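Before anything else, here is the set of structures, which you'll find just below.
Consider the two complexes below, in which chain A is the common component and chain B and chain C are the respective partners.
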Partner chain A sequence: MKFKLKYSEKVKVIYTLYPVISIVIALAILSLVIYIIGVDPIKALYYLYFGMMGNYNYVSETLIRATPILLVSLGLAIAFTAKVWNIGAEGQLYMGGLIAAIVALNSGGLPSAIAIPLIWICAGLAGAAWAFIPAILKAKYEINEIFTTIMMNYIAIYFTSYMLHGPLRDPVSHFPETPTIPENTWLPRIIPQYRFHAGSLFSLVVLVPLVYIMLSRSTLGFKLKLVGSSRESARYYGVDVEKSIIYAMLLSGFFAGLAGANEVTGVVFKMRPEISPGYGFTGIAVALLGRLNAFGVMLASIFMGGLINGSYTMHRMAQVPVGVAYFVQGLLIILVVAGEYILKRIMLVKGVSVR
Partner chain B sequence: MSTPLNETVVLMKDIVKTFPGGVVANDHITFDLKRGEIHGLLGENGAGKTTLVNILYGLYKPDSGEIYVKGRRVKLNSPRDAIKLGIGLVPQHFKLVEVHTVVENIILGLKEYGFILRIREAEERIRELARKYGFRIDPKAKIWQLSMGERQYVEIMKALFRNADILILDEPTTVLTPQETEQLFKVLKRMKEEGKSIIFITHKLDEALTICDRITVLRKGRKIGTVTPDKVTKVDLARMMVGREVLFRISKSKMKVKAEKPILIVENLSVLSDKGVLAVKNVSFSVYPGEILGIAGIAGSGQEELMEAIAGLRKPVKGKIIIKGRDVTYASPREIYELNVAYIPEDRIRTGSLPNLTLWENLILKHHRRKPLVKHKIILNFKEIFKFAEKRKREFEIVAPNIFVPARTLSGGNLQRLILARELTGKPDLILAVYPTRGLDVGATEYVRKVLLRERDRGAAIVLVSEELDEIFQLSDRIAVIHNGELMGIVPTSQATVEEIGLMMGGALRR
Partner chain C sequence: MYEIVVGQLAATVRILTPLALAALGELIVERSGVLNLSIEGIMLFGAFVAFITTFYTDNPWIGILSAMGVGVLLALFFGILTVLLALDQIIVGLSMNILAMGATFFFYRAIFGWYVSPVPPHVETIITEMPIPGLSMIPVIGPIFFNQTVFTYLLFILIPLTYIVLYKTRIGLHLRACGEDPLVADYLGINVYKYRFIALAIEGVLGGIAGALLSISQYNMFLDNMTAGRGYIAIALVILGGWDPLKMLLGTLLYAFVEALQLRIQAAGVVVTAWFPYQFALMLPYLVALIALILFGRRIRGPKALAKPYRRVR
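And now, the complex of A and B:
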């Protein structure tokens, strides 16, 4: 019995560390692939590391890259807790970015302290509004939100593209993009010489703890957890399941919209058709890797931001394709989802034997 | 094939079966079955009865041990092998296609009846079998038209049709009325006389003593012993089964003076089932504080739907539900439990608890909006919550390492304790208990019954749905009998007899 208890404890430790383990496995597979394409994996991984956090500037860049991913995945963590599978963060991010740019272009006269929060809130609401359609379809008619949110992505991306080619296009630019937004709407930089901006700081210091409290310590989080655990029972325990599904979806849309605003007001200073290289999808992996816990999601998004940046450095210095970042991301989703499932099975069985 | 009477037809020697996770379901069990005998396999839930017969039927492979059928050592890789040896299994949950006829169900999967089915030939054989053993069944009837007792006959005929001479019946009486049970026993005796051998799995002591020639008692995967009914009493059997003395009579105090105002009034209530047919038809009754109203009926007679309607989980199509003077016919579950109504659902795992959530989370369900568990209206107060959960766990003797383990790691009895602990928080005025002891072992059953009586004596009104007449008679002050969605009558327990209630359950008597 004692041996068995130890074994079950071992499984528990493995489960706790599993996100880290799955990253290690993913990087090992990556090394193998790099080796196969004829590059020295140690050299490649060194540049990957260097591009992630080789110096203060890279750290700052990693955090900047991580911020939109963090914002998206915080929202997704909320939705996924209620088992509402919002795959539409990308589209919600685009709508947020589009509205952010429109509001920013029209708030030239406002002081920054008013303009920036206003832009962010409008962008969040735009993301939420975009999520509202699948939310209501899900809550009222039980239409699978996975399909609707995926399809809504395309509508949002092409609608943005239309707006940028047409009504919102900067007349003097060669590219389909908006004019640069006025400087009073730019997010202030925190550290001189570095691009690290207020949006990143705000997300890390304010939003992460806020989401943590909401999910883990509030009645709303408890409700979402009930809904995620079993809709049928949640209804019986007096939870308004439809309303909870809508809340979960709207909140995740809101956060995705904020990610759009963050890119427009903190990084690009205009709206572009390629404002996001798939942050809305990266956020899915990050939310799962971070186990739907706000602090876990924070660590995971910083890792993923670093991975994307590092892959550019690796590409420049070691001629490894940039796509590896997304390769690792895909690997991680599979490793995390499959691995955790298997570990949970083992723990279930062990739980039985301990009893 | 022909073996003389009293010859051993099945011998299972030193059977060991361990499930992943280290649960030893069968620990060196030796079991033998003679020709022409009914051999009872008695034990609590989880004692290993079903595992043992599943091994004999080829569904599980034993880790070690030997099986001999009709004198020959055999290896059973699948039920097909078992069927070839003349072994038939009547499962606890029937596996019949409801929209097909009796014949179609019986010949299902048999190659001999051709690609273009030779139905008439099969029909003739079924009639012959029915005559021989005294089944009264029309081979052309559709399964859904049959009662549970008749469906059981179909399952038995299915086995006989495949020339089974060793029959395994897994808890066959669970779905039957007392009269149907008697009928079944007659059939079994007839089959015995014909030289068939029967393994009769049950956890009901009386049945084992009535019908079996020998009884083998299992407890926690071990064989405790094999006895003959004439040498043991019910108390002996219970002791073998549970491993300690069991009280059969829970002392019930006299009901206190009936209060004037009922807590629950149900008036002309009609409720639809999930399939959209009327499951409850025009039912009326009231329940007073300090009394237990038992609802007797065969499983599936509408009692689940009735209780769900009262708990607010199912909207009635007609009639009225009044709790403590308030019309709650169309109220939500939350509005109803806020009237201090406890609901102990039939399905402990799906409705009664959230198996993936921890003990403490399960314990605060329904209470998670109340002070002091919540501060500043929305923030969970963990200090108070853990204190509350620990206290509940202690009071209801929930066996678990701590309050942070998921509810799914609890055994059935412990899970029911958890549900009771949650539901009985705040001294409910009305308790709706649906099959509260179903699937529980004797110890846990005793506990649940005592708790229900304690609540009654405190003054709660209780509606108890049960399929065990024993339980109904032991606990109820009045018995309401439901048949096919209709209330056949309400009888004070002191004036009721088992025969009468049984007839009412079968729809043959109205009072």
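And now, the complex of A and C:
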């Protein structure tokens, strides 16, 4: 059997596979750099793979690492759809984590089935509240949200640091952190002997389809798309642009807050100053890598989670410096942003529909 | 008291210099209609490259030169993607900043080893103050303005120069035309692409220097994400100054004063930090920038074509 594709169809196939192609290119560049450093790239890449999904435990760890990234980037996918540039997910995550720890520590023996949803909702609301200030400034006064959210990141991180050094500090601990939260607020583990917990499962199975439906099937999703493509025409069609901007911002803040709650109730069981190694920024890359599509974002965040875990294995076993994950993430985002838009342009010229 | 006041003001001018250089570059670029968020990444790469080259050559001037070179390369890369290929300027800018964070983080460890060293690597020689003979002896004014690095003097020449070029010359008029309405500018025979690329190259030079001053003048080492949002703050200062170099300098002055105050609070020791926690001191500059944006950032009218991709009709 022979496949004969027309030029326009070829371009479409390349476009669909482009995220995979850019991952291959990024890993090729990484191998070159690793080779220059003086490490065998084959060995390094093997351990990268092994740390990502070498056995069931590594798969479980990858999914755990992917969850906060997934939560952040689902929210950012909503915001970016409306071209609302929320760069403040990191700060919103910190506020979510802080509130999650406070609520958990004061939950006073509530049954888990009530305590955990309560903690998650409070954390989400905390993230949304932190996003509300830039949202209202953007919608009412046209103050660029990029700069306000960046400033509020640093304010949130230093505020958290103050709370953990001061009022919330565990008096017994040597580190600035809260006491361990009561066990009834811990997310239950799904499979015995693995750390894979209910928060990961809930995010993957419930939230991803929910966001997908919201963005592609609901009125709000349609409004956000309209606002994103052109504010003027959205207004012409009778969409309340200001309201849509505020919704987009609040939803993304809510999801970032959930990411904080996920870390506190599922992974660390306390609040720490280093609760997030830049998940808020990784989320930006993942949202764009997943083309602002919930399922795309899910795949991209699992890849990033695996990459972060794999880079630790690569460091331990092949002496590759830490930080590989962030380097590859940077390469990927440039490749995706530049390559995809160029492909889109070609398709536009050749009259291939992008869907 | 005299010592404290003069010390605080001299520190203000010292901190102001890199920030104002970056903001000036961004102002020129935004006047041509391009919003370059990657100034943050340019500064971070500048700080990194300046540190590495100074570490190996022991000559901070080579560090400055290489930071300028990297700055120009990055700015032109940004230009190829956004000006020539007309990609979304915000997405490309954010992406380049994520790359800058990741790449400097990784290569710093690749070059200096992955182990945790008790003493982080540092350079022996840095860019130091160059007091101007005579002028630096004037009381109050001397130590504040005339006992600084050569780049402070450069800044105080470039600010009025930019003002004059922007408002009093044909080149400035053409540049502003590209930022207001590139289509009409093109009809009138102005090469929009050329103006935007030249503006970006200038920003690359200034942003590279600004980053280098952080790592090999104000410090003698490189820290992860050492720009800590200063590129974004520089853009915020451009907005607050209404895209006017003189007003922008005024805003930068106020911001740098707060930043210098913040360092002073941190250095003051337990006496002060007991009632004013150091985290609040660290927070102060960002809080001030945020409040300034809230109070004065409402509906400031920028260049009309800012951040809008322009594609030439052929």
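Things to note:
Keep in mind that, in the parts below, the second predicted complex is superposed on the first by the 346 of 355 C-alpha atoms of A that agree within 3 Å, B and C clash if a C-alpha of one lies under 4 Å from a C-alpha of the other, contacts with A are read in each partner's own complex, and residues count from 1 in each chain.
The definition used in the following text is that a contact is a pair of C-beta atoms (placed from the backbone, for glycine too) under 8 Å apart; a residue touches a chain by one contact, two chains touch by 3 or more.
This is a predicted model, so every value here is computed, not measured.
When both complexes are overlaid on chain A, chain B and chain C end up sitting side by side without clashing. Between chain B and chain C, more residues of chain A are touched by C.
Seen from the CA centre of chain A, chain B and chain C lie at an angle of 70° in the overlaid model, rounded to the nearest 10. Of the two partner chains placed by superposition, only chain B is touched by A:Arg217; chain C is not. With both structures placed on the common chain, the touch criterion links A:Phe159 to chain C but leaves chain B unconnected.
When both complexes are overlaid on chain A, the residue A:Tyr237 reaches chain B alone and has no touch with chain C. Of the two partner chains placed around the shared chain by superposition, neither chain B nor chain C is touched by A:Asn57. By the touch criterion stated above, A:Leu226 is placed in contact with chain B alone, chain C being left untouched.
Touch criterion not met for A:Thr16: it reaches neither chain B nor chain C. Superposition on chain A leaves chain B and chain C with their closest Cα atoms 5 Å from each other. Interface of chain C with chain A (complex): residues 37, 81, 85, 87-88, 90-92, 94-96, 98-103, 105-110, 113-114, 228-229, 232-233, 235-236, 239, 277, 279-280, 282-283, 286-287, 289-290, 293-294, 297-299.
Looking at the complex, you find that chain B touches chain A at residues 20-23, 311, 313, 332-334, 337-338, 343, 345, 350-351, 353-354, 356-357, 361, 365-366, 368-369, 374, 377-380, 382, 401, 405-406, 408-411. Put simply, chain A touches chain C in their complex at residues 33, 37, 85, 87, 137, 141-144, 146-148, 150-155, 158-159, 161-162, 165-166, 278, 281, 284-285, 288, 315, 319-331, 333-334, 337-338, 341-342, 345. Listed in rising order, the residues of chain A touching chain B in the complex are 4, 213, 217-220, 222, 225-226, 229-230, 232-233, 235-238, 348-355.
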